[in-house]
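What follows is a set of structures to go through.
Two complexes follow with subunit A in common, the first pairing it with subunit B and the second with subunit C.
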Partner chain A sequence: MSDFSLNRRSVLSGAVLLLASTALPTIGWAQEPQKGGRLTVAADSEPRNLNPAIVASNGVFFISSKIVEPLAEADYEGKDGLSPRLAVSWEGSEDGKSVTFKLREGVTWHDGKPFTSADVAFSALQIWKPLQNLGRVVFKDLEAVETPDEHTAVFKFAKPTPFQLIRNALPALTSVVPKHIYENGKIEENQANTAPIGTGPFKFAEHKAGQYYRLEKNTAYWGKSKPNLDEIVYQVLPDRSAAANALEAEEIQLAAFSAVPLADLDRISKVPGLKVVTKGYEGLTYQLVVEINHRRKELADVKVRQAIAHAINKEFVVKTIFLGYAETASGPVPKNDKQFYSADVPNYAFDIAKANALLDEAGYKPGADGKRFKLKLLPAPYFNETKQFGDYLRQALAAIGIDAELVNNDSAAHIKAVYTDHAFDLAVGPPVFRGDPAISTTILAQSGIPDGVPFSNQGGYKNADIDAIIAKAAETLDASARTDLYKEFQKKVVEDLPFINVADWTFISVASDKVGNIADNPRWAVSNWSDTWLAK
Partner chain B sequence: MRRLASIPEALVGLGILAILAAMALAASALFPGDPFAIKGAPLLSPFQDWSLPLGTDRLGRDVMAELFHGARTSLAVGLAAAAAAIAVGAVIGTLAGFAGGIVDEALMRLTDAFQTVPSFLLALAFVSVVGPSLTVVVIAIALSAWTGPARVARAEVLSIRERDFVAGARVIGMHPLEIALREVLPNALAPVLALSSVIVASAILIEAALSFLGLGDPNRVTWGSMIAEGRTVLRSAPFLSIVPGIALVLTVLGVYLAGEGVVEGTAVRKSLS
Partner chain C sequence: MSRAFLLLRRRLAGSIFVLLIVIVGTFLLLEAAPGDAVDAYVVSTGGDAGLVEAMRQSWGLDQSAATRLASYLWALLHLDLGQSVAFSRPIRDVILERLPVTLILMGASTALSFGLGSALGIYAGARPGSLRDRFLSTASLALYAVPGFWLALVLVIAFAVDLRWFPISGFETIASGKAGFAHAADIAHHLVLPVTSLGVIYLALYLRMMRAGMAEVWRLDFVRAARARGLSRRRIVLAHVARNALLPLVTMLGLQSAQMLGGSVVIESIFSVPGLGRLAQEAVALRDTPLLLGIILVSAVLVILINLLVDIAYAFLDPRVGASEAGA
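Now for the complex of A and B:
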């Protein structure tokens, strides 16, 4: 008997050795970056304005982040989750009224001119603050940028501005563009908006409308022996099923931003030579949110909102609509955010009976046909998943006697209907969490936002407590006190439900096994790809 | 009717249409409640579970129920759009033909204007401006389909208006509008109605195409939207697109064959007489 067990053990250990030996070559192969080559990538949209300093959106970053660099980039390991780019260090003052950036030396623009603090000052004051969609909020109190020498920029704020917020805003909001190109004429009409000039590892080469964008290696890049690739080509493939086919035919080597539909991932992960990568998007978390128009008298009642929250089966949504590639949301900050996420919020478990009881309590008894009241439901058309969730929500509401009528619009009409005309009762929206609640999350609950601002509180919600927390956090300089305020914010929001968070999702990349160093930072798809390489 | 039965196409076409009509009428009885209700596990293949014979879609909705309720939408839209197109077309054609002169000129140039725009494009533009709902879709399709009946009606009226009974009506002092609509129009209607099968078939196809592009009424099941929904999982669950696709093909084929049969039947009758 003992002989037998000994034999079995030796057999097992032998098997382990055998497994390890087959695994070894792959590990060794993956570690050696190679030089050269052209990386062809699927692009599902074709932005015309490629200036990331003006349009801070993922569609623009996807292409222009390789050309125009920010002061710092998100990082898995770096201090405060950052790694330096054009700035090498940053420091906030005690009073919160100034931030000092030491800039990288020996950096040149793609046209050969040197990069200096004047470029940073110009970008901040002339573009980020007045023109940029997100910069308008974060840099609203920026008064001046002092440039004591060519490699120091000191941001001066009129009112104390939390350094934590500025830090969290660095990767997405601080793309630096050259002053000497933009200082003459109107910034919005500058030619460099469509053919950007930056300091990044790749230079803009050409854009053939409807076909491709081509970027070339910047041989004078400041990063030592970077970039690895010679060229990046963005093949315009608006049809989502086309990306999967192109990968299989080896016409492209990478499809980022879930260009391959979720339903196809299971099949494509079994195709030899292709890998499915779920990392590299943590800094770009999208939130599946039910937006609520509080002008409707039924929805102004918190019991009705809670009933709706109880009627939504979040696990079902994650499993069926996102096929597991998402996480259920407990509140306005996604679980993958390490700085701000708080689990200390009320939980609305999927419970139809409780939802019905809440609606009865609120005084909305079902009529003879079993229906309590009618609602207009507008799912955002940007993602398949938001549309499908709209279909699901209609059924979930039907189960508690709320008759929801779906209204489908195209993107422009949806934005107008929800955020300008307020012609909705419920809407399904995909706001983005950008690493700090003050950048794009608090505006979902804050009152007093002018009509027409997309992805903001346009449901007429007003809660003095929540407004007070937001205002206080905006001037709280101490990072931990500020974080605590946002934890309080999460609790209040989930208690009162100005909107309902259902799930948080990031994207999926599908790449050829030949592509190395992908997903090595939390904003990988929109970072500079200087260390990405291609095996021959 | 007996002659119609001797034409095999007509028989097949009418058979298909009868089945469709039965499906549409029985939808509520066989699949009561909301066809969008979630009934089981998502993406169940057909013929696995006999309570869900055609499987389920991405949310777990019963494909069979959707198919039956979709038949109702398709037929309703097809018939309503065709009826509207023929009514509008016949009236305009009759007025143009009967009045002649400047009215004729004006109405026929208007018809030309509508005819030069591709019918699907017109429907697409109309729905995307007004917003998708069943009535809007019906109007959009009718808007692009009334020109054919108008032209045929006008041609027919031009030959009828010189006949004796029209002159008779004039003599007894009937109002011209009354003559046009009560005396001329009914007599000009037969060839216009012969167009109906073509119009119904194209209306069903246009409705499906609009739904496929996401411009159908999202609160009703339509075959077009079923195909569109299935498209995202075409490689892993092709039945979601194939099942409504087959239904669509059979319907259009049925309408067309029945229409052919009717035309042929009347032709036989004419040649016999």
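Now for the complex of A and C:
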């Protein structure tokens, strides 16, 4: 808890952050890393496809990031927040139409074949651009990848593409898979999608459906004397109380991605030999957002949206629902983002009187029963916290005379209701901020997105100014000019409220004291764990 | 044995009709549930319109419900259960992998509840109204009132977290390399807690049924006659009273096997045992219609088979059963 708040506060000033992150207590193990051992980790789901080049999602990365590596990984201290992996350097051209990657030499695939620029070209053109859930957006203008030699790959774009965006996309979007495995047959049906082959510190060993995944040490890994661990086992534990029990019984040594529910953290943190770690997820920030259907005439009025923003007590949400393990949000970019966050946005303080006044002003006077109008509220079921916030929001709306009816669906039904059928007035969603607003944030406000696209603006919102900023930023090459545009974007979004950001949260790990070098980068849970070790 | 054969023939004809109703009914239910397999899939990935469209096409979800049902039934006629969209593997393989686990779990807990339950029932029913009868009756009532999942969680905390006698979860030790007897012992060790949680509640049921049945039989004239003939008490209890009280228990066994297939969803999740119950739950959450149909089909066949066995056992235990048909 203490390092958490220290970390959060430090985020506000970039200079302090560097100092603070190196001085944080939980990661700075004075002990010498030990070799060998099996790390057993809790897993709550079994992805049908383990190929991170096709499916860039945290559930897939959690397992496959140890096997398949990206060109670069997020880093607390590295230049532009990156540290090299399969690429050792990257450089964008003046005109924004090409990016040159120098690739690491002496790297081999798990089957012994050498890793070359042909693999990068194949992954980029045949997988990231046409097949990957996020790559289809970021690499849409990628035209060709030239390979002047075995260790140079030059990405050529049809239209100028901001180098800043490509850079920010490197950790999540650029997992490289072997060309010689994928070049024959349909990529989506390749066997390696369920038994991946990569260059990473661990090799895929076996998957017993419903039971576990087992990864083995890659003895030919390019990182000298890495990895430290012999094996990583992901034990599938579907029950919500199972991870905490298994940690207590020392059957597993780590539960990441908040597998231990927030409500159990207080108890589990007192168990000797276990530690609660809040770092290592800064690059995977989830945002608690109220999605709004602007087709409803009441909600099309900005005064009503502002009234709703004033009715939400963000501090209460953070304290009661997230038990303090979150940060209040001021806008569409989380406060922990160093590049883009802007505090220069309107503030909607918790103020019931003001909310009521705004609603009166908008012409929605309370009826005889004290109610102004009725709404349908659909909280996303993916997280406990989104469901609980749904309950809270219903009460908060009741306090300003809006009668919200809660509609609870399971995941598939929720996705269909909100993003395809638009059968909602308000919804609670958890979009992810992925290090650059262009990856998965601007689509929450952008107009003209076809029906059925999940986690996008399906509320019928249209604002020409915001659309213009998004379009301009997409072709602005200068990093600081582009950043300024996104600061402007944040201001406009918070002014007009196409959606309301309530809180930003990252996940929590609970680990045995025997596990060393955890949480040492901002995407730790989905990074390669080559330096993680286990005390005997 | 001809009675058993007649039963078999009649049952098989009825079963096919039952299976067809089950399949169409399940299909329509899942069809009525909002959202499809692609909606369930994009929850964890997101994706733009083109990707979503392409996925729907490659999974065959762009076709009408009638077309999909027809092609499913057509494939089924050729004994093909189809391809699971949630696991991207043939459904036959997915189910065959899980089926033995469920059968072991179910078989062991049924054996526990039926065996121990009826034995204790005989013990209690041998002297209705005695102190041991009262104690066992009360204890079994208390046990029967306990929800299975709660018992499971309590067992985990007591015997796995605190005492560490048994593993918390799983079906076997991960990559232990054990084979033969050691492997079987390892699985047995893992299954002690789930089998106990699953079996104990039905144990109470069997105990009470046996005891109640015996209490009634004691009052019948033939028991008095047996006594008058000077048979030993032990023989009267086992060969006459208990045997006559056994029939309802056998009926219950058939009914319970069906319930256990469903009841194990919760236990399988708590103990992370990779059985059919958990698979069915995943199939619903992921809207994998063909997989769920496959599971239900296999479960339905299992239930029909078990009931058939029960009927045959019935015919064996009670000469009156099936006698009318034998004459027809």
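By our rule, the second predicted complex is superposed on the first by the 506 of 536 C-alpha atoms of A that agree within 3 Å, B and C clash if a C-alpha of one lies under 4 Å from a C-alpha of the other, contacts with A are read in each partner's own complex, and residues count from 1 in each chain.
FYI, a residue touches a chain if its C-beta (ideal position, glycine included) is under 8 Å from a C-beta of that chain, and two chains touch if they have at least 3 such contacts.
As the structure is a computational prediction, the values presented were derived from the model and not from experiment.
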Notebook entry, point to check: After lining up the shared chain so the two structures overlap, which partner does A:Ala353 touch, if you call subunit B first and subunit C second: first, second, both or neither?
Noted result: neither
Check: Which partner does A:Ser241 contact after superposing on A: first (subunit B), second (subunit C), both, neither?
Finding: both
Check: Between subunit B and subunit C, which makes contact with more of the residues in subunit A?
Finding: C
Margin query: So in the superposed three-chain picture, is A:Gly452 touching just subunit B, just subunit C, both, or none of them (first/second/both/neither)?
Written below: second
Check: Thinking of the overlay built on chain A, is A:Ala464 touched by subunit B (first), by subunit C (second), by both, or by neither?
Finding: neither
Check: Is A:Ala368 touching the first partner subunit B, the second partner subunit C, both, or neither of them?
Finding: neither
Next item on the list: Return first, second, both or neither, reflecting whether A:Glu206 touches subunit B, subunit C, both chains, or no partner chain.
Entry: second
Notebook entry, point to check: Can A:Thr320 be said to touch subunit B (first), subunit C (second), both, or neither?
Noted result: first
Margin query: Going by the contact rule set out at the top, does A:Asp410 touch subunit B (first), subunit C (second), both, or neither?
Written below: both
Next item on the list: Please write out, lowest number first, the residues of subunit A touched by both subunit B and subunit C across the two complexes.
Entry: 241, 409-410, 413
Next item on the list: Quick one: which bits of subunit A touch subunit C in the complex? Just the residue numbers, please.
Entry: 40, 45, 47-49, 55-59, 131, 133-134, 136-137, 188-189, 193-194, 205-206, 208-212, 214, 233, 235-239, 241-242, 245-246, 248-249, 251, 382, 409-417, 420-421, 440, 449-455
Next item on the list: Give every residue of subunit A touching subunit B within the complex, in rising order.
Entry: 240-241, 244, 261, 263-264, 266-267, 320-321, 381, 384, 388, 390-392, 394-395, 398, 405-410, 413
Check: Across the complex, what residues on subunit C touch subunit A?
Finding: 33-37, 39-53, 58, 86-88, 94, 97-98, 153, 156-157, 160-161, 164, 167-172, 174-175, 269-275, 278-279, 285-287
Next item on the list: Show which residues of subunit B lie in contact with subunit A when the two form their complex.
Entry: 34, 36-38, 42, 58-60, 128, 131-132, 214-215, 218-219, 231-237
